[in-house]
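Two complexes are shown next, each including chain A; its partner changes from chain B in the first to chain C in the second.
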Partner chain A sequence: MWREFFALLKKDFKLMLSGRFFLLMTGSLILYSCYINFIYAGLDQNIYPVYLYDPLCVHNETSSELIKVESSEELQAQTGDGYAVGIDVSGKTPDISMISSGISSIDQYRAAYAMSLLSSKNHTAAEIIGTDNREMKSRREITCELLFFELAAVGFLGIASVLFKEKQMGIIRVHGVLPVGKTVFILSKLLLFLICDLVFSLLLTVINLGVSEGFAVLPYILLQTGILSLIMALTGFSCAILLRDFKQFSLLYLVLAIFITTPVFLAGQTGTARGWINYHPMYHLFMAMKNAYRGIPSENGIYYAICGLTIVLLSGLVRRTLIREMAKEG
Partner chain B sequence: MIDVKDLVFSYQKQKETLHGLTFSVADGEIFGFLGPNGSGKSTTQKILTGILRGYNGEVHLFEKPLECQQKDFREKTGVLFELPYLYTNLSPLDNLNYFAGFYPAKRCRNIHELLEMLEFKKDFLKKPVSSCSKGMRQRVSMARALLNNPDLLFLDEPTSGLDPQGAVLFRNIIEKERKKGTTIFLTTHNMTDADLLCDRVAFIADGEIRVIDSPKNLKEKNSSHLTEITYLYKGKRNTALIETPELKAGIPFPYDEIVSIHSGEPTLEDIFIHYTGRGLS
Partner chain C sequence: MKGFIYQLKNIRRDKLCIVSFLLPVLAGFAVSLLSGVNFSSLSETIFYVMEDDLPDECTEWLQTIGTVTAFPDIASLKDAVNNPATQAIGVLKDEGGIRTLLSGDELQIYTVTGNTLPQLYAERNNFAAAQVSITPVAENRDALKSLLIAITMITAMFMGCTFNAMSIIGEKEDGISFINEILPMTKAEYIAQKITLGFIGGVISTLLTAAICIRVSVNQILPFLLLIVLSAFVAALAGLFTGKLSGGLMTGIVCIKAVMILFLAPPVLLYLTVPPGSFMHSLSCLLPSGATFYGLMDLLNGQTQGIETNIIVLSAHCILWLLLFFAAERSKAGAGSAK
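The block that comes next holds the complex of A and B.
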């Protein structure tokens, strides 16, 4: 069995090489790492500018971050950008003036922050303990998102492109008369793509989180990568065999990449989750990956049981479709 | 070698493709399976090669039921598909080395010798298959079928896509295989191949075998036993039909010159039409 398995592995590796799969993976790794290190990690939003109108000079011991204005008209003009906050203390009680962000909780934070600058001359900053600072949080979030996208969309496309090539050449039918089992044929492809995905996630994590931070969370990430990689590779495998041509597959790919992963990213990143997202299978895979990047392993047994069952069911489907493809007319 | 009894197969419920085929192929025999498109030839070959399951009836290969066959069955059989089906981005050598990886080393033939026997152009050995002509691809495909030195060889239209010289070469190779003791199941449209190579042929139409016999017997059985003689007599050209046994005593009419003598023996295609009521195309 091993001789046949290695013959298949060698051939699949050659097909992936000729299909420039490794070039695509390396390109993605470089592009993602450049984006994370040179753009995303440096992104920060300045804190809200706060303007104070205090004609009677009641508040003398305010924070140096407060910007004083001379008239209420000037205060209105400065807060008209929808971001700045104004405090008018010309009356008995301070009035907050700002354009609403549209989310009441954010408006509350802005108002509370502005009022806090009134009460203290020396505004203290929160102390960051350890290396898990704002930049590291950003790195974890974006690395997780990019890895999830790479595995869900690009990995799915990778295995399908290899299979479509074999299907077009009619070579899958030849394997039906060779002394090699269908399971071995499927396993060789899965193993190769799994190894590629694991290596990719290892490199992406270590390059963008750093060696110590990266290796600390790596076991959890590799586990989630393995699960997602197998599910996506098996889905790609069955779709490539079931669908007639690459045009049909491209349409499905578009649906998968945009309409399935987009709500998952939105719900997972912006906190605007709705109840229905809990029924979205990709959401749970994404959240498990996100937790893995925070170093929190998923301890939910049901999650692993459903993942395992999905992999088994998809393997059965792949085997069935493969047998059907082998028996097709030439 | 092959024993098939009451073989029934349906792709869809209520629509039978094969209606109870019964035939057997002896060890070392070349058995021709002839029929028009859609007659059930390919379905039968797919069942025999183990690709298609869900059939009814009995199929024995190497004196064992097909459903009980193990991996060694595939090691002992070779299949040539109608189309070459090769990795077009790999070279012929890489293709054959890859397929050789599935067979035990003791069964494998030398790839270079095989390609030389098939008169494969050496310049193309290491070039991608996509750069090879149809005939060259068919040669690589034939090399793949012979790679494991099979005891049972399934050939589907072996000479299609070959020039006349290539077709003669393939027929010689098939003959050589038979001399070695290989059993050959030949599926073809080509009556010349069937006539020249097969010990016996089966005519299949609409999922039924209409007749099985040797090409020689079939011709004899369906012959009119008449001989057509064209001759010149007193400056005139005449044609006469004579019962062939009558010729034993010589030509029974006066003539000055014999122009041609044709036996009334039918071609294999004529016999096919006679039994199936339709042509092969």
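The block that comes next holds the complex of A and C.
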């Protein structure tokens, strides 16, 4: 049995190699890491710039955050973007001017903040109660999201590409008459994709979170990766057997990417629509992955029980579908 | 024309291809159904307070500059402030005023807000002495919803790219590209057919999505149509490039994914984080989707000042990409004849 299993593993590995699966994974890893390191990690939103027009130099002890301008025209020009705030102190009372942001509470705050800069008082710093900084938080969040997308959507696609190639080459038909168990046929593919996903998770996490931070959360991440990878690979497996060609499958992938992963990201990121999202199975997998990136293991036994049951049921479904497909192929 | 009819027949057989053009329409429908969600609250500053802690006057003041949520105890308040999904600021009563709590991972705007809030509260009466003039813009209570609509619309325009790329890759995989070479059809005719198909599909898909999600005023119709037409054309061209460059379905999907990220992510991120008019903001116009995105956001926010610039940028992209495509084709043909 082991000899057959390793022969199948070797064959599947070669198929993945010729299907440029590793190129896809390496390309994704480079693309995601470049995006995280060169764009996302550096993103920040600065506080509203405040411009001051003070021709009589009445306010000498102002905050260093204020940017002085020479004329009221310059003041108008600088504050025309709906973000910056202008203070004109050429009259008796300070005149705070701005283009509305469209939300009145934000405009109120902008005005109050601008006014506070007219005095040079030092602010009392807020008490910091967390452990992460902004950059690390951004890195954790985006790495988690990209990994989830890669495992949910692309992992699903990878196993299907190999199966469609086998269908095209007539390998499925040949397997129907070979003295190799159907379970071994399924297991060899699942194992290879599981290893690939685990390696991908490890590299993506360590490259983008750093060695010490990455390894600190890695056990939790690998556990969630394993669960998600198996579920998605088994789903991809059954869809690939049931659908006619890879083109149809890639459209199903589009549906999956738009309708299944997008609401999950939206709800996970913004905290909106908490009621309905609880019925979305992928949301719980996403939140478990998100918690894993924060170093919080999911202690919910029901979650693991449902995941285990899903994997068992999907495996049964895949085996049945494969037997039916082999019978159909003759 | 005959060739174009054959291409249409080819699509008719592939029902799922038509479904792919309808996907953004369904997404648009889903976005418009989300009207019950108050997206505007997401843009506001969020303050977390403890029940029966702050004086009423302070809570009312906080409500004028953001949204306030009360928690029963300090532990749940700290947990909520620490939640990475939020940028909330914890506010507690202090001797004669307030003190603030931050998790430390907030954007700079919220860090500064957290640090300055006690002073702003102490000086709230000084603020009454100032004269505040706010130039109104069209009320935009649903900033995030506008953003989702713009993303859905760009996805709809992008469908022309996905369709063209998949169609060319499919032809390569099935060997139809070899048959095309011996058919009495010039390369220009083939390109025109492919561009037209992706273009028409993209335009129809975007118009249907727009009909579901947005309402445009009469004076906005022409710039809006120009934005759709130009963007769908660039997307169809990008699909041709992707199809030509991809060797197989897997590499095609990698290319489509990369183009999709490149088309969608930079304009959205720059829109959210960089103030308009800055250098980085102008840089996003290097991508055709940047001009489309900003044009759409302007239209959704009821502004039409910058729309001409976006249309000019998009027209420049159309000409540039078309010239690039012809140059690539010519050099390929030159290399082929040299062999």
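One rule holds in what follows: the second predicted complex is superposed on the first by the 246 of 330 C-alpha atoms of A that agree within 3 Å, B and C clash if a C-alpha of one lies under 4 Å from a C-alpha of the other, contacts with A are read in each partner's own complex, and residues count from 1 in each chain.
In the analysis below, a contact is a pair of C-beta atoms (placed from the backbone, for glycine too) under 8 Å apart; a residue touches a chain by one contact, two chains touch by 3 or more.
On a predicted model such as this, the values are computed, not experimentally measured, just so you know.
Let me test your reading of the model: by the given contact rule, A:Glu74 touches which partner, first (chain B), second (chain C), both or neither?
A:Glu74: touches no partner chain.
Name the contact category of A:Leu157: first (chain B only), second (chain C only), both, or neither.
Once the two structures are laid over each other on A, A:Leu157 reaches chain C alone.
Contacts for A:Tyr83 in the overlay, against chain B (first) and chain C (second): which applies, first, second, both or neither?
second
Is A:Asn133 touching anything from chain B or chain C once the two structures are fitted on A? First, second, both or neither.
second
Given the superposition on chain A, which partner contacts more residues in chain A: chain B or chain C?
For chain A, the partner with the higher number of touched residues is C.
Which chain C residues qualify as touching chain A in the complex?
Touching chain A from chain C are residues 14, 16-17, 19-20, 23-24, 26-27, 30, 34, 37, 39-40, 42-45, 63-67, 78, 81-86, 89-90, 99-109, 111-120, 123-124, 126-127, 129-141, 143-144, 155, 162, 166, 170, 247-251, 253-254, 257-258, 261, 265-266, 269, 272-273, 275-277, 301.
Quick one: in the complex, what on chain A touches chain C?
Those in contact with chain C are residues 19-21, 23-24, 27-28, 31, 35, 39-40, 43-48, 80-84, 93-100, 102-103, 105-109, 111-113, 115-116, 119, 121, 123-134, 136-137, 140-141, 154, 157, 161, 246-248, 250-251, 254-255, 258-259, 262, 268-273, 294.
Hey, which residues of chain B end up touching chain A in the complex?
Within the complex, chain B contacts chain A at residues 42, 46, 49-52, 71-72, 74-75, 77, 79, 81-83, 85-90, 94, 98-99, 101-103, 144.
Note which residues of chain A are touching chain B in the complex, please.
3-4, 6-7, 10-11, 14-15, 18, 165-166, 169-171, 173-174, 176-180, 326-327, 329-330
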